């Protein structure tokens, strides 16, 4: 393993020092490993707390700021944060209007956020939770852990952040969050594994002529291993299961081509070109595009595609000003 | 080689389709492989044209937009664009106040831009050129090709873009550009090689226990191969040659920790934390920070550090609004 | 052989579990690489190191120390230090064990079985996994059942915990052919078959540590 | 043996160079990987493929076709298609060759040597490299000198271009121990030693192609 790190078990703590130094507009609680806005939002507005394992940067810490999150809890690499972190963050950011927890659907994340919400209840902060589960690579079922939350989380944090900034109340914010999650579907693929620092070696091995289809963002192996194929074909393999699962033909969409961290931006744009060609063919209208590394899996090469059905209201919230290290416009 | 591409010789053309689809605020001339702002700037303002080999994204195409470049010429991967591209771009973006060519100091880039400037002269567009050469890994000498242009190019395009937007004339814009280049120094390192699509294999091989110090952005091998070391030590190896070459103690600086493309953002922040510790120790004041993948070398793992000496004027220009896919604030 | 486990033996249990976890850290991570995200070893090692620090600082010799007090602290330590799926699950295990032990400072065979049963109940309540879902429940549930059987069969305490350890190991091995329905391995669908579950493997270490602690105390 | 090269032979030269470049594409890239950026093969292959297309479309049999006309077009094609260092340099080489050839449709030995000299002059003017800088100049300069020597020694044209090809090959080989002072390889400092220069290698192909074309025409 070669990485720009010191002690593999201190990667997150060390990286938070750099985030702190790089971003005067953020405040880092190093004890709890929570990233806050330096300037808290105004009283009476709903606050948003998210968090998850580290290694997905800029998600979530890079999405803290006006128009998006109020706090992000950084877990160890690929390990959900602990309830203490969410409790500290929740108490800290509440402005009297309650707090929405944005949780990606992984057993660990859900359990830790659950415990935090249970404990926060005692503290008289109203907490609601939205759990994202957009990954069509995983068969949804009542009897399993269900789908993973992946790319839609980025879009949701942006849209819901704008709603909270506008003054929407907690129930309203939660309803928008659920609408976004319901209209979002994602599919990912990996060309290489990532290397978890504390593990020291690649999580999985892939041959030079194969790729993992349906990979998640934790470097967990995907659903299927396939022979490597040109970008045009890979784009079909990403899009088909999304369109099988949800109809995107009767309204505008946001198309989000996300990099897993290790693929050059040039290739991500190339993939997006392929996706757009397919979307045109399928009669799906793209109102907004997002291309880049937003929810990553350390140095994994690969990408994921997320489609989100939107209406005028969601588009307005998407276009609203946002000012975070990871997403910034209109401000 | 596993990449998100189709024909390895068509990577740039294919990626431009995706850039075009993703960015309605840009206009792509696919024949010339030039990226323009969709809305040209106002008459009477100096225009900025840059360009270079592809594979460094977001540089340069991702820096086209209000407050930064007017056009970027995309060469083949790691190959300077050709004079036809610069000529087309120069003619297209001129608003009567002349055009500044921003060229990274590589033999190919300089020669191709030279030819373009020679030919553009005939066309009654006033062209001035600034050549960036901030890479202290290369010994500067009259008898060699001189230093490479690397990280400072990003900072220069931002600062000079703001000056042009303000209405500074061509001589003034050029003078600012030269001041920025004179005050910038960079040093890079690589943990892995990149893979040029048309070559199909890694440009160089690195053992599991070594890294390349003084690597450039084309995957050309660096000055020295060293045993792998912790981030704290790597930061020293990046910073020391910069401080040997330039004194940054008597004024504020912009510190820019750039990713080569394949290292996780988490590690880039971690490196930045180490750099800041060293800068504090050296009594160097950091006024602004930039951390992320801005001038990359395809999927190369590693990073570079750039320091830029600034004054109030340059800081004001740095802080001025910018709205491009790669850098955006205040707008 | 004692027919009770006292606080000292229970502390020894946790210390032995810590040792086993640190020894097996790389192995647990390797198992998690195959069907998860390669962090189970680091998670358990981090958590049990924190529990060890807690034990180092705790005075269990005074009359004030109780099973409830100690195990709740240990459980909260896991909850606060581990994260992921294993943090809440092992944390809840120890918390519920503590609640069941309450003010007592030692447990007889039945008391121990009750506490382990409560702990298992906590894991199931928190994680909603059933037997056969390829999780730690597949090691813990048979272990608790084997212990109860042994006690019902009037076997001595040491034999009962030894039976529990063996059942946990067998339960761990039985996860290999299973298809995961809970936790991260469930994303693999049928590709999760043919691999031991990491959490079941660490749970087998937990019951082995208990048997060893009881035997040593004997 | 003819003592002149006509337009047909010069076209054959460019076609042979194209063939050699396509054949050696991977090798040129490999050389450029060692001390550059792994694109020299692709650059030359792209450029010469475009020149080939130009030649396919050009009618060189009519009286209107001249060396100047054809080589300026070929040079501009390289300038417009290649980029990098080799585009302007090889482009300028052909442009200057064309200027020197002018309205003529064939060149005698002196005329050919003059045109090659002019071409070399263009490369040096554009790139400012001197002999020993580890660039294509280290192949081209001795080639032109060897040709001139052969002509001064009254050798026939075919022998002169064969001598040029041999001198270019020797010049290429001589770049191996050199430390680069120009171009991308200069960034490597002393680590550039011990590798053939890619541009000198493609230039040796250029002179080999010329000798072969002249010999076949003979």
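Order as written gives the chain letters A, B, C and D; numbering starts at 1 within each chain.
The criterion applied here is as follows: contacts are C-beta pairs under 8 Å (C-beta built on N, C-alpha and C of every residue); 3 or more make two chains touch, one makes a residue touch a chain.
Note that the structure is predicted; figures quoted are calculated from it, not measured.
Asker: Which chains are in contact with both chain B and chain C?
Answerer: A
Asker: At what distance in angstrom does the C-alpha mean of chain D lie from that of chain A?
Answerer: Spacing between the chain centres: roughly 54 Å.
Asker: Could you please state the distance in Å, as a whole number, between where the Cα atoms of chain B are centred and where those of chain D are centred?
Answerer: Here chain B and chain D have centroids separated by 33 Å.
Asker: Distance between chain C and chain D based on Cα centroids, please, to the nearest Å.
Answerer: One centre to the other, that is 75 Å.
Asker: Return the distance between the CA-based centres of chain A and chain B, expressed in whole Å.
Answerer: The separation of the two C-alpha centroids amounts to 29 Å.
Asker: Could you list the positions in chain B whose residues touch two or more of the other chains?
Answerer: Residues 77 of chain B each touch two or more of the other chains.
Asker: Going by the touch rule set out above, which residues of chain C reach two or more other chains?
Answerer: Residues of chain C touching two or more partner chains: there are none.
Asker: Answer with line, ring, star, complete or other to describe the graph linking chains that touch.
Answerer: Shape = line; chains linked end to end, path left open.
Asker: Just spell out which pairs of chains touch, all of them.
Answerer: By the stated definition, chains touch in these pairs: A-B, A-C, B-D.
Asker: Can you name the residues of chain A that touch chain B in the complex?
Answerer: 2-7, 11-12, 14-23, 54-55, 57-58, 62, 77, 191-192, 194, 208-209, 211, 228, 230-232, 234, 257, 261-274, 276-277, 286, 289-291, 293, 296, 298-299, 301-303, 323, 328-331
Asker: Once bound in the complex, which stretches of chain A touch chain C?
Answerer: Of all residues in chain A, those touching chain C are 9, 53, 75-84, 106-108, 111-112, 114-115, 137-139, 141, 143-145, 148, 196, 198-199, 201, 203-204, 216, 218-221, 223-224.
Asker: So in the complex, which bits of chain C are touching chain A?
Answerer: 29, 33-39, 41-43, 46, 79-89, 126-127, 181-189, 191
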